[in-house]
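Just so it is clear, A, B, C and D label the chains in written order, and each chain counts residues from 1 on its own.
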């Protein structure tokens, strides 16, 4: 089907580029963590910024290759518009909170199949990464704000946990607008995790408990019908044999 | 069926009146937002009040046309009694908090089909509007109350978010009876959102994962039965051919 | 089946005793509300206590009649052991918090059928009554406790709402052991409400969305099989007609 | 299949060792409760520590016997690796919080079947034990921490309840890293309980409400097909009888 458009096979590319992207995402996260938590000097800062931009270029290359190797480039562009937004938004300085979103692309890749286990695994791993990234981002914007309660990384992680699980003790909470936007993302993500786990559990139960009885009934009904078909087949066999051994044996004996 | 009752076609009316109602609802929300947040002077206040009442008249006209063009007016009146309540309640001064409820009618219209995606979209968009409206309403009644914590629009929006997602940090909470009633609505709405998202996810999983195995089994059983039917059909074919080529060929050769 | 055990028909009794039980439950709730909130004088207190015990006797009579008119008294006694516990526990003075539990029996009656709508209606109405009863009970035990935050009925109702919906702002919370036990009941009840609403929604979606495709496929498969059966039937018809119009017409013409 | 590997029958062992393990788990919990709450003297402390290690040995024996009596020891070892981790972790002094995890093994045993009721029962009983164990563990690490709010067992239990149900008033919350890790476990466990209860409810509703209509339709379709099969069978009967009573009676009469 996908003949002679480009020389790159998309599936092969995907498989080969998986590992560099994951390594890049981890580097990205580490560099951002150091930037936020330890206020590095100018040299270290420039080095960390270099890593962040290097990984960003990696994601850009992956995006461009995926676009160029798609069978229909226009349709791929429309369907993956959100990836372009994810890629371009972190370039704006005030939106540097969104820098961590490209990580979601790597996670989404590994959870490719639509199987129940993969969905739960994807949702939970996405929330773990998002929870950590959210904690970092909130710490980034809150730590110097007046009246802020979230000023250390352990507190930020603890706050992210109470937010994602919707417990919300209220011992820590964001006070800036940007921090509250991150919180909104974590809250909505928490609802997603709860939904996904519950739905996967429910679907598993429906499949394993609920349909057992229905299947047994369906099988019983099928068996009844197959028995009837077998007896019809035997009837025709009898009839055929009857015709073969003299056209009408019983009639003959009645003569 | 709906012959010569009125000259207005209800579906055509619905489609044509959609856009004015949406514009009206947005105006309504903007006018109410300004009234609540910026304490306008008497002239501006009268102008905003005019918009609110103008939009209310729009909703009244839509209600009356829908009623008059219904095939059975009595049944429509009974079934849409809640729309009358929604329309009449905001006329009472102390119930001006309910002014924003008519907006739900517009949202419900666009989510007409009973499809899973539409339900989730309706529930989420309804909660977004209700969350904003709830924040406005709570701000309206709380901002001048003694001991109130919710006194600015950003705080009210943040409070509405923590309430709908059931996180409830407790950094902001209503202290007046009216504010608590609005909070009750947001809490119940939040349970509805969580339920709808989870249920839609579960139903999608049941449809796509759970039934795959059951369908495969059903197909296998069907194939077995169709094979049996085909062999019965072939048996009859053989029998027919046997009868056609001399009544009993095998019997003849035995002679 | 249930011949000559007692002269009372259980279903008739159930239907006739429904209304007195509901009226009794409402009286019970009103009397308890007044006892808790307005610290009545000794005369009024004795009157209210009389109502509470009168309604208790009503529930006792209902229990005894149901027991005596059951087809198998022993089995009914075992299966309805929880009703005996519910009936006897409020007699102990320190457990007067449990006085309101008999109300659940009335609610359970009206929700007899196992239909989805009835379950949701039962769960929601049970939680409304339990929420009110829980607020009263918490107020009863907390209002005189040192360091208590829940000291008025509106605050108690607001606290019950934030607890059932699992929002938990933390502006009000019980500080006594008894109050915390009531809170535990409300929290567990809240989980029940959320579960019931979500499950009912999910089951409705599965029934209306999920099975539509499966049914269409099953119908298509059935139609295929019925067509095959019809063609087999026609084959036999042809064969029969062939035998009737001269045993082997085609063979004859070949001669 | 499992011929002459060891002389111990695994199922028999499981059934016989159930009661000692449960007694051991209860002793374990009691000894740990006393250690945490009442700061016992050196003699009592040594006695309690003896119980804890004695029960630990019991769990070790059970692990070893299960391993040795498994049909394929290697596969059993891989599949039950988490049990080894559960067994070895509490040996490290700083991880004594994890001492209570072996209790989960006993609970998991009794909930062997994959039935809906068993799952819910297992999840709820596991959460009850985990909630109590979590309260103990948090009290253990928090009671001497500066600025701690959880310093008595009732407060710890109340905190565990508000955490598992995700209410989170915020009147009590852990302040140490270890306490927050325990809290994370309780929060995640709470999501599990909510999911399990909702999923079990949903699957029960789907089975009892949703499939009733589908089954009725399937039965109707099956009946139609069986009727068709019966009429085909009757056609062949008629044909056979026709052949038996003179080859072509109607043809004869036409002569």
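Following the convention adopted for this analysis, a residue touches a chain if its C-beta (ideal position, glycine included) is under 8 Å from a C-beta of that chain, and two chains touch if they have at least 3 such contacts.
Molecules present, by chain and UniProt name: A, B, C, D = Two pore domain potassium channel family protein.
On a predicted model such as this, the values are computed, not experimentally measured, just so you know.
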{"item": "Angular offset of chain B relative to chain D [C-alpha, multiple of 5 degrees]", "value": "180"}
{"item": "Same or different contact residues where chain C meets its copy chain A, judged by the half mark", "value": "same"}
{"item": "Chain A and chain C, separation of their C-alpha mean positions in angstrom", "value": "37"}
{"item": "Intercentroid distance (Cα basis), chain D paired with chain C, Å", "value": "26"}
{"item": "Per-residue multi-chain contacts in chain D, two or more chains", "value": "162, 166-170, 194, 198-199, 202, 206, 214, 218, 225, 229, 232, 236, 239, 243, 247"}
{"item": "Arrangement of touching chains [line / ring / star / complete / other]", "value": "complete"}
{"item": "Complex contacts: residues of chain C adjacent to chain B", "value": "154, 158, 161-162, 165-171, 193-194, 197-199, 201-202, 204-206, 208-210, 213-214, 217-218, 221, 224-225, 228-229, 231-232, 235-236, 238-239, 242-243, 247-248, 250-251"}
{"item": "Of all residues in chain A, those that touch chain B in their complex", "value": "114-116, 119, 162-163, 166-170, 173, 177, 180, 183-184, 187-188, 190-192, 194-196, 198-200, 202-203, 206-207, 211, 214-215, 218-219, 222, 225-226, 229-230, 232-233, 236-237, 239-240, 243-247"}
{"item": "Parts of chain B lying in touch with chain D, wherever the complex brings them together", "value": "166-170, 198-199, 202, 206, 247"}
